[in-house]
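Please read through the structure below; I'll follow up with questions.
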């Protein structure tokens, strides 16, 4: 049971992020929500690769232990983090530009494109 | 953004360089320890955030050579893809340096050890390429975002109305 | 070992190298940058065609990144592929050809179209990154790699949509696209994590080989389908499409079309090659069909009332995506039943895949002509345009060809693919083909409206100074026109050489798996 | 239900299309030849008929604008279009919301 706790945390973070994206009206809060969803996806990958009692997956540092944590999800997570960083930076830049153009961070006022 | 007090600036002067050295360490030992090009590069780029916060934009913007850092970015990327392309004799991204002796070519002894820096072939090279690229890229992001804020502060009153 | 075995890697590596050298080339001046932009795009298109030829003659191409041999997918003692694999079957190669032609036309068009703006070194780099992402998505045989290329393409397209950053609408469109698309990408990542957690592999073939349908697989399937359907602009997740397509520069929109097709490719790769026959119930095929019909109808009915030319066309692209979803969804429905497959399923898939190439070509051309109108007349609002056929004869000619093709007027290529879809969907439910026919009529109606208001009618005093667009833009448009005319004149050839191998490759799940796993089925 | 539908016509037969074009152009020429022979260029027959009003100089005043095209169609389907316009609200939250709702519905359908 306690082993499943990380998955619960992943779910909670994902839903929190989704809540922020769905119901918050402030652009920065939406960006935070997107980052939360990214974090939950990364956490899910890390949790999937964890083996109870496993050591770090670096061959020369591991010492004499039978089990290692799976290294592949960690590599995947790193890639996903890098992508997430690029997205966050771009999103914040766009928010800055939006604020400059529209003078507001309220998503309800940034809707010139509709219909 | 204005420069902070002399205490902050002094501490920044002292620790910023440790930060840079640590970042470069992480980059160079990317194939031995956790971390690598991106992480090390991000640490080095924090140096610029440090400087920006401590000294403020008026001093930072003339200090920061954005052209130099776009070159960092380009050179890093070219080194990365170049290493991949040289491997084309066998396959794309083939590790042609590993186990050959010479540059990054030592073989690693079997069993736990403290690591051989001169090993892993192109992986170390690529870590360095990515490190250089990330130093350039992340610090440029910081620089441009800061300039964006400045742009708003200077010309902010022009475009505040909605639905023009 | 001839250099041909490296083609899958080269198709991705060349535009990537192009992206990284683009800032350097831009320093050498305008001519060098334009030359680089067009030259690398042309080289990519050439390599894609070579790759396609190679795949047709010698079967599915495997390329293992960084291995001792290009086809060493299973290193000794391994039962699963551990390296990043590019797996190019006929469908992937077909998609690469389609995408790289669109990229080439867009690049040619952009040389003149973008010349009045600054920051073109970044434009060229992002353009190549977008090309790389698109080609990587269609060539890769690895789920996580697919995600990475999808994100490369997405981030590059956010940047390109917001390229005219002094336009508030462009930033707004880019932001909306970004929020929706990033959440979709995260859904894909979570689905990949589910599959990885179950099967300890991210290679598509290995996952497909081991797949047994359970709860985790079902949720992963739904996440993948929804996110990829969103990326290609399916109703009701299409709202970002008109915004982004409208605000992006025209050459980029042409490439964005190809990127949306790459997402569609991913959707069908997941449905056919990974899940395949183990899809079990008919829920997923019917979902795809219903989404397709909804897209067709809502997309076109929104398009009829638009008065901004690019927005109108963007709604049409939503509606055209519906045709492909309909055709391939019917194919998916018939997948587990060989009799149905032979009767109508395969025809539907042929229609869907043929529509895919037709759509990319004529929709790209339509966006390019809209860009040409914007360039020459300075307005995208149809109310301000009129009588331009006199001053812009070449653009008008190409617009008419593209509009006739998209409306499915015989004998244009759009008619051929639509006829295949009508014939096959009629066998499933006649109402489906009736909906498709109604959509086609409405498509024709809205393009008659565009043609009448923008090109016909009396000349306007405001538009007296309008001249024909410069040669680079005309060349870019004529590339696509030539492809459309070729597809129009030789439908039998293109069906048997381009489309049928692709459709067969898509159906042949065992072949896709065994190309990587070897005889280990 | 029909299991196999084939129109039998095919999509492209060069000869039948060429014959079709010849027939069509013959028809066009025939219709054209039935036109009035007393038409003369450069006389008042050439002028635009604009009711009893003077023809405006600028073309933009006599052209039907794009927003008026298919007015009747839109008017007849007013309720439908109002709903559609409501859907395309321009709110980022809504755009994500549609995706989440569709995903949720599909998850329920697939898991059932």
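Order of writing sets the labels: A, B, C and D. Residues in every chain begin at 1.
What we mean here is this: contacts are C-beta pairs under 8 Å (C-beta built on N, C-alpha and C of every residue); 3 or more make two chains touch, one makes a residue touch a chain.
Given the structure is predicted, the values throughout are model-derived calculations rather than measurements.
S.K.: If every chain is reduced to the average of its C-alpha atoms, which one ends up farthest from chain B?
M.R.: Using the mean of the C-alpha atoms as each chain's centre, the farthest one from chain B is D.
S.K.: Go ahead and note the Å separation of the Cα centroids belonging to chain A and chain D.
M.R.: Taking the average C-alpha coordinate of chain A and of chain D, the gap between them is 46 Å.
S.K.: How many angstrom lie between the centres of chain A and chain C, each centre taken as the mean Cα position?
M.R.: 28
S.K.: Can you check how far apart chain B and chain D are, centre to centre, with Cα atoms defining each centre and the answer in Å?
M.R.: That gives a centre separation of 55 Å.
S.K.: Just how far, in Å, is the C-alpha centre of chain D from the one of chain C?
M.R.: 25
S.K.: Would you please write down the residue numbers of chain C that are in contact with two or more other chains?
M.R.: Correct list: 175-176, 179, 183, 242.
S.K.: Would you pick out the residues of chain B that each touch at least 2 other chains?
M.R.: Not one residue in chain B touches at least two other chains.
S.K.: By residue number and range, which residues of chain A touch two or more other chains?
M.R.: 18, 21, 30, 97, 101-102, 110-113 - these are the residues of chain A that touch more than one other chain.
S.K.: Connecting every touching chain pair, does the picture come out as line, ring, star, complete or other?
M.R.: The chain contacts form none of line, ring, star or complete graph.
S.K.: Can you check the complex and tell me which residues of chain C touch chain A?
M.R.: Within the complex, chain C touches chain A at residues 144, 147-148, 151, 154-155, 158-159, 162, 165, 168-169, 171-176, 178-179, 182-183, 186, 189-190, 192-193, 196-197, 202, 242-243, 246-247.
S.K.: In the complex of these two chains, what residues of chain C are touching chain D?
M.R.: By the definition above, chain C touches chain D via 175-176, 179-180, 183-184, 187, 215, 218-219, 221-223, 225-226, 230, 236-237, 239-240, 242, 281, 283-284, 287, 298, 301-302, 304-305, 307, 340, 343-344, 381-383, 385-387, 410-411, 415-416, 419-420, 423-424, 426-429, 445, 449-450, 452-453, 457-462, 488-489, 491-492.
S.K.: Quick check: in the complex, which residue numbers of chain D touch chain C?
M.R.: Per the touch definition, chain D meets chain C at residues 1-7, 11-12, 17, 57-60, 62-67, 69-70, 73-74, 77, 80-81, 84, 87-88, 92, 94-96, 98-99, 102-103, 106-107, 109-111.
S.K.: For the complex, which residues does chain A have touching chain D?
M.R.: Those residues of chain A that touch chain D are 18, 21-25, 30, 107-108, 110-115.
S.K.: For the complex, give me every residue of chain A touching chain C.
M.R.: Counting only chain A, the residues touching chain C are 14, 18, 21, 27, 30, 34, 37-38, 40-41, 44-45, 48, 72-73, 76, 79-80, 83, 86-87, 90-91, 94-95, 97-98, 101-102, 110-113.
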